[in-house]
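Pasting the structures in now, so scroll down.
You will see two complexes here that share chain A, one where it goes with chain B and one where it goes with chain C.
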Partner chain A sequence: MMSATRILEGLGRFYIGLLLAFLYLPIVIMGLMSFNASPFYQLPFEWTTKWYEDLSRNTQLLAATWNSLEIAVITTVISTLLGTAASLALFRYEFRGKKFLQALLFPPIAIPWLITGTAMLIFFFGIGIGRGLHAILLGHVALALPYVIVVVSARLQTFAPELEEAARSLGANQWQVTMRVTLPWIMPGVIAGALFAFAVSFDQFVVSYFLSTPGQATLPVEIYAAIRKGFTPEINAVSTIIIAVSMGLMLITARFFRFGGEK
Partner chain B sequence: MADVQVESVSRSFGAHKALDDVSIAFPDGGFYALLGPSGSGKTTLLRLIAGFDFPDSGRIIIGREGVERVPVEKRRIGMVFQNYALFPNMSVADNVAFGLSVRGESKASIAREVRQALDLVQLGKLGERRPHQLSGGQRQRVALARAIVTKPRVLLLDEPLSALDKALRVDMQVELKRIQREIGITTIFVTHDQEEALTMSDRIGILRDGRLVEEGPPEDIYNSPKSEFSATFLGDANILRGDATGDGIRLSDGTAIVASGGVANATGGKASCAVRPERIKIATATASPLAAEGNMLRGRVSKRIFAGNSSTYFVDRMGEVIKVHVQNSGATKIEEGNDVVLHWSPESTVLISAA
Partner chain C sequence: MAGNIAAGPLSGIRPALPLLAPAYLWLTLAIFLPLSAMAFFSFMTDLPLSGKDWSFTIRNYAAFFSSGLYVTLLWSSLRLGLEVTLWCALIGFPAAYVLAKVLKGRSREAIFLLVILPFWSNGLVRIFSWAMVLREGGILDVVLNAILPFKISVDLMYSYPAVIIGLVHSYVPYMVLTCYLTLQAIDDSLIEAARSLGASRLQVLRRLIIPLAMPGLIAGAVLIFVPVVGSFMEPRILGGRTGTFYGTVIEDQFVAVFNWPLGAALSFILLAVVLVILAAASPVLRRAT
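Now for the complex of A and B:
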């Protein structure tokens, strides 16, 4: 018996190990290659920081990186604020067509981005918004909003409405109730929603590709364009930096907000 | 503190009349129990008084101020919820401080008042705890402290003890009553537990299907209920029905029952008499008759339930069951199946106009 469980445990560990390797090996290799002298991934490994130096002179890639970051941050702020407010409204008030409105939140998550992107392109042209960073930002906010609402609403389902009533009975106005009672409870959901929004925007290729113009592109679009011209390890370099930064952010967030726990 | 007047208040949800023309005066500093079966409109009424909801018609007056359109946060009331509704993200002290801090009081005075309130509910040492680290009874005390620390004009409690087990509930009843007396706050207490209403309150209002059926001090309602419903809902009662005779009723077999309490009734119609089971004396039919007490019925003991300090006899009389409570004073018990004589005085009989 004892040995059987041991074997199972061993298998389990092996499986998890395999899974992690599958997930992280490509990333680790990419990271290593960004420090390898050969532009064709040739071994033996030869340490260099040349690609990072090249990157620091590649204004187009850097500009795209800044665009991406800027758009992702603004998208996160706007869609988290709007999405949280919308979730609170859906939670607190009964109104006609509420169920319908809530049902309408899901299709945008399921519709392929290719189609959403095409639709946005046509629509933005039709009403004169056109293409460019402003159009990308609008598109990203629209894409991220349903994610935030779904995640925050899920968290609100665990909130007891009597807490708001108790707060009001103690003299708190709507704003005080929201800031001191409701928001602290749904904060993990808001943070998770914000991360989603950031990821949706920062990872976004398809919609950004449709809405970008030359010189006004985000990083994924620029990387795609660069690869089409010919691969350079600078792309490994910029990717490595981004992965390091975003993993760092994730770890910090996970450390300060216990997801799911503490009821 | 202030008294509360509810005048001709109605509230409907769709076609359902949850409250139908209810008028109650809640005296200043009194402990008033709203009693009624589930769905009778107790919570609806309490929420109207609190200001969570607004009446379709009628007036609600706290002190001298008509508040029926004032929202809850401006009414200066204190409310204790059935499930406590403590803020999980705050410590006990912060929960209690909440009402003071949203008013912008200074830190020092908040700290002092919170300490006083926690002392009052005997939780002085637990201020740093989180709500989830407390027992049910302790949470209840925190909820109470939080509700009264802001010195509200009226304290509203919606079945606050129903989540506690029996022993703790009795403790909390005593405790709640002590605190209420100490601060002298007008208190409206919703319960469906008649014993709780009887033991705790100065006045009771009985609600049924959204209407106030009866109102008054517990002893008055208990001793002379005005309806079959309140007679049976508040305490236990035997209901005898028959033709009205002016000072009582005549049962279908011709036996006259004389009542000296309750409504005077005209002859000719139908009426009922209510008799509390503990007011009836029981003796075996063969025993020498006790001094006649006015009303007498014969029957047979169909069941006897022993309950320690008392026994309940179920006496069958022509298909109807009459309940009799007897204190266990050491007298010989009467066996099931024995023929018995029941008698009681007219003073113990309450005449009720036909339901």
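Now for the complex of A and C:
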């Protein structure tokens, strides 16, 4: 009886190991191939950093990387500011239509990006905003906002509104209450929201793809174009860097915002 | 609690407006107006720009229904979504169970993080990484030929199974996440009680655990099914010529054929399908989150 449980638990652990292998093996192999000398991914493995050196001279990819970083940083700043403000309002005030405003946050998350992206393309084109980096930024902020609001609101759930009332009754004005009482408490949520926003923007492909023009594209868009021309180890190199950056970023996020911890 | 706030000075929308307006105006400009514009545009003959003549038409929708091609493609995309969702449930549910009920403490936290970590890395790059594994002369080919005594050629690249594998890899963390959340909420003493009353492991699974975990399974299924039906980059990269789906046809209308009104109509039909699915699942989703 006891041993049957043991065996099943052992099998369970083994199964999780298999799942992790499934999730990580392709990524590891892609990374290894970026250090392999053969341009056609031939084995045996021969160590080289040639592809990274090529990458450092690829002005098109470098420009796209810079665009991606710039857009991700600006998206993070704008969506964190606007999203935190909206979360505070949704937390503090009671008004008619509040449920509706909260429900409005889900379509941007739930509707496939293909639909959102093509709709933005049509609308931005139609009203003269056009395509390019500014249009991509406009789209990214909209995609990141719901995530920020959801994450910050979750943190606000743990905040006792009596603290705000206490501060107010002690003579603090609304600005002081927000800056000295509420914000410090929800800061972990705000930081997590900001990192989410950065990840949403930095990894975004579909919406950027429809809003980009030649020369005004982000890194994933350029990678997609390169993949469709044919696989090269240079793509492996740039992909390996991207994966390392986003995973590192999420590990940092996890420190601020505990997914699935006790509770 | 809500009542006690409403009684104070903090009621009414007016004081909330300055904080709310920027975020919601942005969402309106970049999400809600574009979606409405797309609906409007799908009834036009041509772009209302560049001085061309245009008029209202239902030609774009007629094209969808009269040519069997688009209907067939929508079906194949729905089938793809169903297959990927089923695989994700089969693979993800047991993993979520082990995570919620077998592993404890720090190892649980670490493995949970490892499972959802790839999910936040670039989807395009992860799809590309499968090309390294599945192509002829790729790792799968090399390893299998090293193990097996006979020579076989493994070239799954540019095939339907390749698309399935790539999409399951992309979306299975969703299923693990949603199932984990509901499984974790099941009280262990319930399971112990059922066992001590003589239920077999299989009975406990079928009559107790799966029904209680159903909201998580359904939430995961919706979160996977909806984006997979709209996928186009994954079939393009891993499916090659066999990778023509509804999503790739929409992409073509916007970046290759430049028939935007038809593209808008096709997108809007997809949106309708998606909204029906979301509406049908929304009671369960609300309970699950």
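By our rule, the second predicted complex is superposed on the first by the 238 of 263 C-alpha atoms of A that agree within 3 Å, B and C clash if a C-alpha of one lies under 4 Å from a C-alpha of the other, contacts with A are read in each partner's own complex, and residues count from 1 in each chain.
Please note the rule applied: a contact is a pair of C-beta atoms (placed from the backbone, for glycine too) under 8 Å apart; a residue touches a chain by one contact, two chains touch by 3 or more.
Just so it is clear, the model here is predicted, and its values are computed rather than measured.
Asker: Quick check on the chain A-based superposition: chain B and chain C, clash or fit?
Answerer: Once chain A is superposed (C-alpha atoms), there is room for both chain B and chain C without a clash.
Asker: Touch check for A:215: first (chain B), second (chain C), both, or neither?
Answerer: It touches nothing on chain B or chain C.
Asker: Could you say whether A:172 touches chain B, chain C, both of them, or neither, answering first, second, both or neither?
Answerer: first
Asker: Residues of chain A touched by chain B versus by chain C: which partner has the larger set?
Answerer: Of chain B and chain C, C contacts more residues of chain A.
Asker: Is A:181 contacted by the first partner chain B, the second partner chain C, both or neither?
Answerer: first
Asker: Classify the contacts of A:163 with the two partner chains as first (chain B alone), second (chain C alone), both, or neither.
Answerer: After superposition on chain A, A:163 lies in contact with chain B alone.
Asker: First (chain B), second (chain C), both or neither: which does A:206 touch?
Answerer: A:206 contacts chain C only, not chain B.
Asker: In the superposed arrangement, does A:130 touch chain B (first), chain C (second), both or neither?
Answerer: A:130: touches no partner chain.
Asker: Which partner does A:96 reach: the first (chain B), the second (chain C), both, or neither?
Answerer: The answer is second: A:96 touches chain C but not chain B.
Asker: Which value in Å is the smallest Cα separation between chain B and chain C when the structures are fitted on chain A?
Answerer: Closest C-alpha pair between chain B and chain C: 5 Å.
Asker: Enumerate the residues of chain A that count as touching chain B in its complex and touching chain C in the other.
Answerer: Dual-contact residues (chain A): 165.
Asker: Quick check: in the complex, which residue numbers of chain A touch chain B?
Answerer: Residues of chain A touching chain B: 160, 162-163, 165-173, 176, 180-181, 184-185, 263.
Asker: Which chain B residues qualify as touching chain A in the complex?
Answerer: 50, 52, 71-74, 76-79, 81, 83, 85-89, 98-99, 102-103, 146-147, 150
Asker: In the complex formed with chain A, which residues of chain C make contact?
Answerer: Contacts found on chain C: 1-2, 5-6, 8, 10-13, 15-17, 19-20, 22-24, 26-27, 29-35, 37-38, 41, 47-49, 91, 94-95, 97-99, 102-103, 109, 111-118, 120-126, 128-133, 135, 137-139, 142, 169, 172-173, 176-177, 180-181, 184, 201, 226-227, 229-233, 236-237, 247, 250-251, 254-255, 260, 263-264, 267, 270-271, 274, 278.
Asker: Over in the complex, which chain A residues touch chain C? Could you list them?
Answerer: Answer in residue numbers: 8-9, 12-13, 15-16, 19-20, 22-27, 29-30, 33, 40-43, 82-83, 85-86, 88-90, 92-97, 101, 104, 107-108, 110-116, 118-126, 138-139, 141-142, 145-146, 149, 161, 165, 199, 202-203, 205-206, 209-210, 220, 223-224, 227-228, 231, 235-236, 239, 242-243, 246-247, 249-251, 254, 258-261.
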